[in-house]
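Listed next: structures, encoded as structure tokens.
Here subunit A shows up in two complexes: once beside subunit B, once beside subunit C.
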Partner chain A sequence: MSARLTTQSVTVRFHGLTALEDVSISLDQGEILGLLGPNGAGKTTLVNVLSGFTRPSGGTVKVNEIDLTRARPDVLARRGIVRTFQSVRLFQRMTVRENVQVPVFAHHAGSVEGEQAAQRALEFVGLAEESDRIAGSLPYTQERLVGIARALALEPKFLMLDEPAAGMNDVEGAQLVELIARIPAQYGCGVLLIEHNMPVVMAVCERLHVLRGGRTLASGPREEIRRNPDVIESYLGGH
Partner chain B sequence: MTDSVDPRRSSPAAAASLLWIGRVARPSAALIVPLLVLCIIIALTGAPRLESIMTEALIYVVLVAGLSIFIGNSGIVSFGHVTFALIGAYASAWQTCCGPMRLIFMPELPVWMATAQVPLGLAALLAATLAGFVALILGVALMRLSGTAASIALLSVLFVFKTAYENWDGWTAGQSAIVGLPTYVTLWVALGAAAVAILIATLYRVSSYGLRLRAVREDEAAARASGVNAWTQKLVAFTISGFVAGLGGVLYGHFLGTISVSMFWLDMTFLTLAMLVVGGLRSLTGAVVGALFVAALRECIQVFERGISVGDNLLQAPEGTREIVLAIVLLSILIFRPQGLVGELEVGERR
Partner chain C sequence: MNWVQLLVDALSLGGAYALVALGIGLVFGVMRMINFAHGDLITIGAYALVVPSAAEVAEPYLGAFSVWLMVPMTIGFVVLMMLATERFAFRPLRERHADGASLLISSFAISFLIQNVILFIHTGRPKSVNILDGLRGYVSVGDVRLPLIDIVTVAVTAVLFILLVVFLGFTRPGREIRSASEDFVMARLLGVKANRVIAYAFAVSGVLAGAVSLLYVAKTGVLDYRMGVPLAIAGFVGTVLGGIGSLWGAMMGGLTLGFASAFLQALLPPELRASRDAFLYGLVVLVLLVRPQGIFSSSKRLERI
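Our next item is the complex of A and B:
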């Protein structure tokens, strides 16, 4: 059965500042949903809520009808709700293979299946050759790919990618997008993609959700968003 | 998964377990065999002084290996592990000390314990297990902490236990020493214990538990996002390292034949930490190398403290030189080679 990850009216306040207000989204297994918004719009905060790192001041997070609003990050990760970090955050002094084995062992400790899941994830992102290198010695682009492989090794149901192409050049970015587009078919998961590059987003996401100042500005199929006057004015206008 | 054995599955599984045995055996042997050779050489020289120096150094290998299981994999510097050596040493004394004198030193021991003659090996095992158990109980609360907060909390554990043991007269003889412990810790017993400690530390390090704790050490948030329960992983390492440190305490008591609470205090804390830092905080090889290196260094300085005659003159270093030189060595290492003598290296391990 296909699952659906939803937030209902999520609100996050940090002291006086409201980072998210009344945000409801849904992500289905098998689809790629684009999450857009200018800097400080609350995109990362939303991922933090979905992955259990930030407790919302109001609202709920659910998978189907199961309430996961107060679940810990590690529990959510083991249940298949997995995120990457805008700043990558690899295990620097460990090898690439070990980086990808950590999530695998969180599932099935030391088994042959586990080794295979790690290997599969590395092959998928094209880094099987680099598996004995120390993560801290990798160039930036490969670092980001290891971050994605590490997330995929958990065999997610829902995968949240926080600006995976940040800092890459156009060619690398295009390759990465092509890779991301293949994730739902390969892993059967839903992908939430945060990305600033509009052509990229329009190319791979059937559905988009746009935030501004912590509120939902627009949400729907990409053609609709592309024509939405609010979005054009406040977000697309500048590009 | 079915219960029946699938013949196609058994061969990769067998290959994997062989691989795993190799991953434990190779690095353990790479540390144990040189120690064995060193012991044989020392035994052949037949110098009792040298033998006792090496025995003590091997006991420190046990203590520092215990420390390294926790510190090396978690990245949390523990100022409290000597507590477990203290617990182990006293627990062994309760079971094995000094025949009829036992009730004179420790009058409040329950009768069954005061009269029990537990075999020495079993007593050591039970004592170390108690230390590991206390680590488990303390860890349930303490392992919620990270970084400096955890280090300070662990130091306070040492203070609490020292005070408790010093005032728990009926079980510990308070501030006075307990003498007459069976001194069964020969060079070979110490070597055997060091081998066991190295094996335990290696098993833990190459296990999925060690890997997950190192992930927490590198980046706790990323580890949690990868499904790792940081608290559980720290607790596992803390318990195992408490057990090994407890074993070190048992050995120390039965090496000297006497124990007092003040033996397990800041001197030992500083010395064992210095050994680990000098060798390399994040490596078991570093723990072993550091323990031997610092033990040897201390011995050399002590020779000077006692005085050596050059021609007609007696060259003598003043009392306390040992601590000062050790501090200087430690500082130099911290400044010039902060990763320790061996850094991240693990002998016998392929990266």
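Our next item is the complex of A and C:
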């Protein structure tokens, strides 16, 4: 059965500041949902809630009917909810392969399956040839790909990519689009893509969710969002 | 003094220092804390060889077993004590997010606690104990006679270092230790369990400390409740000298310190030999003035921090 990750009216307050208010999203296995919004709109906070790094002040996180609102990150990762980090922070002195293996083995995969999963993820992002290189010697773009491989090696049901195209040029961005578009077919997972780079988002997401000031501004199919006057005014206007 | 003899002397002392430096360096890697009690865990391992008593003549305890039992039992005991130290002295502090200074003070407290418990049980009188009698002999190389224990110390250091490299490079716990040493927060974010990886580091550190207990007692045949302190200081200096945060550096730093010590002992005019350590640590200060990042660490790494 295909699973669905949902948040229901999630609210997050830090010391009286409201970072998220009443945000409900849903992500199906096999689809790519774009999460848009200006800086400070609450995108990363939402990912933190979904991956267990932040406990919401209100609302629920569920996979199908299973409530995972208060689950810890490692529990969520074992249930197939996995994320990448905006700052990739590879272990510079370890090889590319080891970087991908660390999370796999930390989540109790057996040795053989773990190594195979890491290998598949490296092949998928096109870094199989580089797997014995020391991560500190990789160019920036490839570092980000290792970050994605690190998450994919856990064979997630739901993958959250936090600004994977940050700092990439147009060519690299286009290659990344092509890669992300292949993830659902290859891994059968749902992808939540947080991204500032509009061409990337528009190329790869059929459905978009737009946040502003911690609230949902709009949510729907790509074409509808593209024409939404609120979105154009607050976010797309400059583009 | 013959050069071969001096070299073996230097290698043996340097090897022992390197084992201590590696033990301290491993724990420092994952916890960013210098465990000053490391030397006293070496002392504990040494005292485990005799029956606890205030009697003047020590009766062997673990030291009475055959080598094949004594070595693993002594090392195992030090590992258990090391893990207990982590569990009861450091973990509660970590879990309450105590800062680095509190952890350091806690390690000093453990150091004094161990010394005084041993003082209470065994009294402060040094005790003599004979273990590994087979190592008491000499090996003749040409016309020099080299103490077997020194050669064994060098060999044990080499073997333990190779095992450590294999462990860190090719096993799961080893990879976790390396990832946590490089970026503890990120390792945790990726699912590496903090308590588990720290326990691994303490356990390996305990194996190294236990090995030093045995080698040290086999060489000197004497137990003293403060015997571990100078070793811990030498090991700590070794890690800093080699470039703190790098195990290769810790190894080389320990070796260097041992070499410098042995060579000063041999080359200083006899009337200055008593103040050898003043020269030794004076040299350390000079070296650090020139290379504050340590001898064997690249300046690049310092910049990256």
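Everything below uses one rule, namely that the second predicted complex is superposed on the first by the 234 of 239 C-alpha atoms of A that agree within 3 Å, B and C clash if a C-alpha of one lies under 4 Å from a C-alpha of the other, contacts with A are read in each partner's own complex, and residues count from 1 in each chain.
By our rule, a contact is a pair of C-beta atoms (placed from the backbone, for glycine too) under 8 Å apart; a residue touches a chain by one contact, two chains touch by 3 or more.
Just so you know, these numbers come straight off a predicted model, no measurement behind them.
Asks: Report clash or fit for the pair subunit B and subunit C bound to subunit A in the combined superposed model.
Replies: Subunit B/subunit C on subunit A - steric clash.
Asks: In the superposed arrangement, which partner chain does A:G42 touch: subunit B (first), subunit C (second), both, or neither?
Replies: A:G42: touches no partner chain.
Asks: State whether A:F91 touches subunit B only (first), subunit C only (second), both chains, or neither.
Replies: Both partners, subunit B and subunit C.
Asks: Could you look at A:R72 and tell me whether it touches subunit B, subunit C, both or neither (first, second, both, neither)?
Replies: first
Asks: Once the structures are superposed on A, label A:F105 by its partner contacts, choosing first (subunit B), second (subunit C), both or neither.
Replies: So A:F105 meets both subunit B and subunit C here.
Asks: Answer with first, second, both or neither: which of subunit B and subunit C does A:G173 touch in the superposed model?
Replies: Neither partner.
Asks: Quick one: name whichever of subunit B and subunit C touches more residues of subunit A.
Replies: B
Asks: So, does A:D132 touch the first partner subunit B, the second partner subunit C, both, or neither?
Replies: Only subunit B is touched by A:D132; subunit C is not.
Asks: Do any residues of subunit A touch both subunit B and subunit C, and if so, which are they?
Replies: Comparing the two interfaces on subunit A, one with subunit B and one with subunit C, the shared residues are 53, 73-74, 77, 85, 89, 91-94, 98, 101-103, 105-107, 150.
Asks: Under the stated contact criterion, what part of subunit B meets subunit A in this complex?
Replies: Result: residues 9, 12-13, 16, 20, 207-209, 211-212, 214-215, 218-219, 221-230, 282, 344, 351 of subunit B touch subunit A.
Asks: Could you list, by residue number, the parts of subunit C that touch subunit A in their complex?
Replies: Against subunit A, the touching part of subunit C is residues 172, 175-176, 178-179, 182-183, 186-187, 189-193, 304.
Asks: Give the list of subunit A residues in touch with subunit B in this complex.
Replies: Within the complex, subunit A contacts subunit B at residues 51, 53, 72-74, 77-78, 82-85, 89-95, 98-99, 101-103, 105-107, 109-110, 112, 115, 132, 150-151, 154.
Asks: Please give the residue numbers of subunit A that touch subunit C in the complex, ascending.
Replies: Within the complex, subunit A touches subunit C at residues 53, 73-74, 77, 85, 89, 91-94, 98, 101-103, 105-107, 111, 150.
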